[in-house]
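I have a structure I would like to understand better, so I am pasting it below and will then ask my questions one at a time.
Per-chain numbering from 1; labels A, B, C and D assigned in written order.
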Amino acid sequence: MNVTIWNENVHERTEDHVRAIYPDGIHGALATALAEAGSVRTATLEQDEHGLPASVLDDTDVLTWWGHAAHDDVADEVVDRVHDAVLGGMGLVVLHSGHYSKIFKRLLGTTCSLEWRNEGERELVWTVDPAHPIADGVPQPIVIEAQEMYGEHFDIPAPDELVFISSFAGGEVFRGGCCFKRGRGRIFYFSPGDQDYPVYHHPDIQRVIANAVRWAARR
Amino acid sequence: MNVTIWNENVHERTEDHVRAIYPDGIHGALATALAEAGSVRTATLEQDEHGLPASVLDDTDVLTWWGHAAHDDVADEVVDRVHDAVLGGMGLVVLHSGHYSKIFKRLLGTTCSLEWRNEGERELVWTVDPAHPIADGVPQPIVIEAQEMYGEHFDIPAPDELVFISSFAGGEVFRGGCCFKRGRGRIFYFSPGDQDYPVYHHPDIQRVIANAVRWAARR
Amino acid sequence: MNVTIWNENVHERTEDHVRAIYPDGIHGALATALAEAGSVRTATLEQDEHGLPASVLDDTDVLTWWGHAAHDDVADEVVDRVHDAVLGGMGLVVLHSGHYSKIFKRLLGTTCSLEWRNEGERELVWTVDPAHPIADGVPQPIVIEAQEMYGEHFDIPAPDELVFISSFAGGEVFRGGCCFKRGRGRIFYFSPGDQDYPVYHHPDIQRVIANAVRWAARR
Amino acid sequence: MNVTIWNENVHERTEDHVRAIYPDGIHGALATALAEAGSVRTATLEQDEHGLPASVLDDTDVLTWWGHAAHDDVADEVVDRVHDAVLGGMGLVVLHSGHYSKIFKRLLGTTCSLEWRNEGERELVWTVDPAHPIADGVPQPIVIEAQEMYGEHFDIPAPDELVFISSFAGGEVFRGGCCFKRGRGRIFYFSPGDQDYPVYHHPDIQRVIANAVRWAARR
């Protein structure tokens, strides 16, 4: 299985405290976490064609997507290409602030807006579909000590499968683990993870993302 | 619209602190709350045929169901009759501990088990489908100061529509507002409400139940 | 209820045999059919802003959409505006070849492609959700003597509710009556209807479209 | 993977023309068809505990079910045991007239009624979810020269995933390939197959059932 990890890679290059958490970038942390799931490569915004020429997508079984500060800088032709690839069967795992990426909004058709508050709150990730392969081996709940809060209402179509719901110390809830099928492609959105917190170093979160990559991969 | 409110009516007759909260029974409180939704009658376990002979069901557009201590005392032939009525188009609104009623398990086919803890915690009820008619006019979130906790995993089929998700002070989440369609009937499960707390006197909870009754009623 | 009927109105202006079937345009036929459902106005491609300025959409509870030959001529800013209106709660009923319209593809995120063959075949429209309000009063099946064939695979997300499935004399099947919810808006796709056949004069088809308009209308 | 094939085995023992088609019983034909999918055993109604004691179910990853003439002769305690096994994670593939089995109705909660006509009509099985693993390697459509007709309305809950829709020479349609998840178990209903026709010798049908067995098996 060929996994391509896409990262905007802006915060890591411009903010010391983010680089301290993710010295190899969020993409680097994810590459380490997914090393056993398949053959992993990374791609970032600043590369030519954002590192996603047709030759890369044609050779990708599942693409993970992290972006936040520079969604608008992603070229529409690259979005078109990723969109076609997903409809053709490439898996897509959209992470955290990627909910506002062009590709996620293109695939889902809604605003994908949500409520948020960044105060380093405890997040609990509850499994509501324990037999789902993406929940395999995951504790009930996953405990994340400090996280940005993402809350409802999350403006997405009703997911084809709902796997996880998060709660936050402030009392909010969020449908943070959602499966969608579009064309021949499988899409998983997973909300945990932010540039300000070491969430992608959390073993349970890594487990979920690895599970998701296997579930979403092209068949 | 003809609404029949069914209540087991055991706690109210045997426990002083429950009778203090619901002097007219939970069915009495609901009858008051639903007075504007239609023509309301009540029925309870201790009545002949539990107050649900065929003549009553034939004349009922939507039935609400509350039970807890005496699920096993509900006669199978009455369950069969209610089951047939729902499949034939009568609406059903199942409340709180009714998740373990024979009729709910019969209609859904699963154990309907869940996690729980009764420590009078704050419950927040979040709308995740704000355009749904059952969420009409409801604040985001509904705040219930003290409630029994119901938590995931809730062993139900994936609901046809998910309207509300609750969080509790302890951090748990629960899919507490779920729509199901079975046969020609509409079913709504709503988790808030317990004999130990005055939840059915809460105006927002009353609003949801009234909305649900209108949504579920026979067409 | 304010209904706006949008029609591309190209075939009717350029082809005699279409004008013979729809002398007032497809929009005219639909306006007659929907006269009892609400206050009806029509809008067409050749009008300024395609007849859909913000003032019209703001005053529209449900919009019906028919297009075929000129999907690409619909201005992107009008598509954006309609998209925003649907997400904000305006209903949308997309008819037949409107499956390839910009707005339908924008809302659903997939190619919306399908198989087709125009040989005037008998279409049977079967109800698979008889309690759905859009199927109210509809015979099982609806018989359309001559129609263009639309067949699977239809590349759409799994519909939130599937109401009708068609079969054709050639043996094909098609999910021709599909409900989607996006944002606060309700969308119904209904496949029967083509410029070459008098399908929009068929009383059962008119009934379905009127039911759909009521179901989808802004709340 | 351990596959248990359950068959009522009534028609094959009592009707010559059925025995001519299935000399080893429908269970024998399925055992041959599924030989590569895993370790296969068979069980039939006339055996002690219908061949389904707890020891067999505990050792079964997926159970297939065929019944028709003797649904009522299946003991309730065996149905209870199979029900528990499915909710606990055992897969279940229900075939053709098994739609009226006690176990299928128990799991789904509806009547599971349908329309039918036995005149040996051509059935076409169309894939509506081409990326689904159960549709892997299947032609579009599968052609069955002669079959009993099963038609809508099929009184089931909306399936969690709809994979196949059949059409018949008489024009009827049927949701003949439906996925359900209940508890930790996966259920697939597949309508093709009847004691009067050699449908279980059809290589494409065997392919679907083998795919379904792999999809449904306990994880």
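Everything that follows uses one rule, which is that a residue touches a chain if its C-beta (ideal position, glycine included) is under 8 Å from a C-beta of that chain, and two chains touch if they have at least 3 such contacts.
The structure displayed is predicted, hence computed values, not measured ones.
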item	value
Set of chains whose contacts include both chain D and chain C	A, B
Pair joined by the larger number of C-beta contacts - B-C, A-C	A-C
Copies chain D and chain A - interface residue numbers shared by over half, same or different	same
Euclidean distance of C-alpha centroids - chain A vs chain C, Å	35
Two or more partner chains touched - positions in chain B	129-130, 158, 160-161, 181, 183
Chain A to chain D touching residues, read off their complex	89, 129-131, 133, 136, 160-161, 181, 183-186, 219
Touching residues on chain D, where the partner in the complex is chain C	122, 124, 126-130, 140-141, 151-154, 158, 161-162, 165-167, 169, 171-173, 175
Residues of chain A that touch chain C when the two form their complex	87, 106-111, 155, 157-158, 160, 180-183
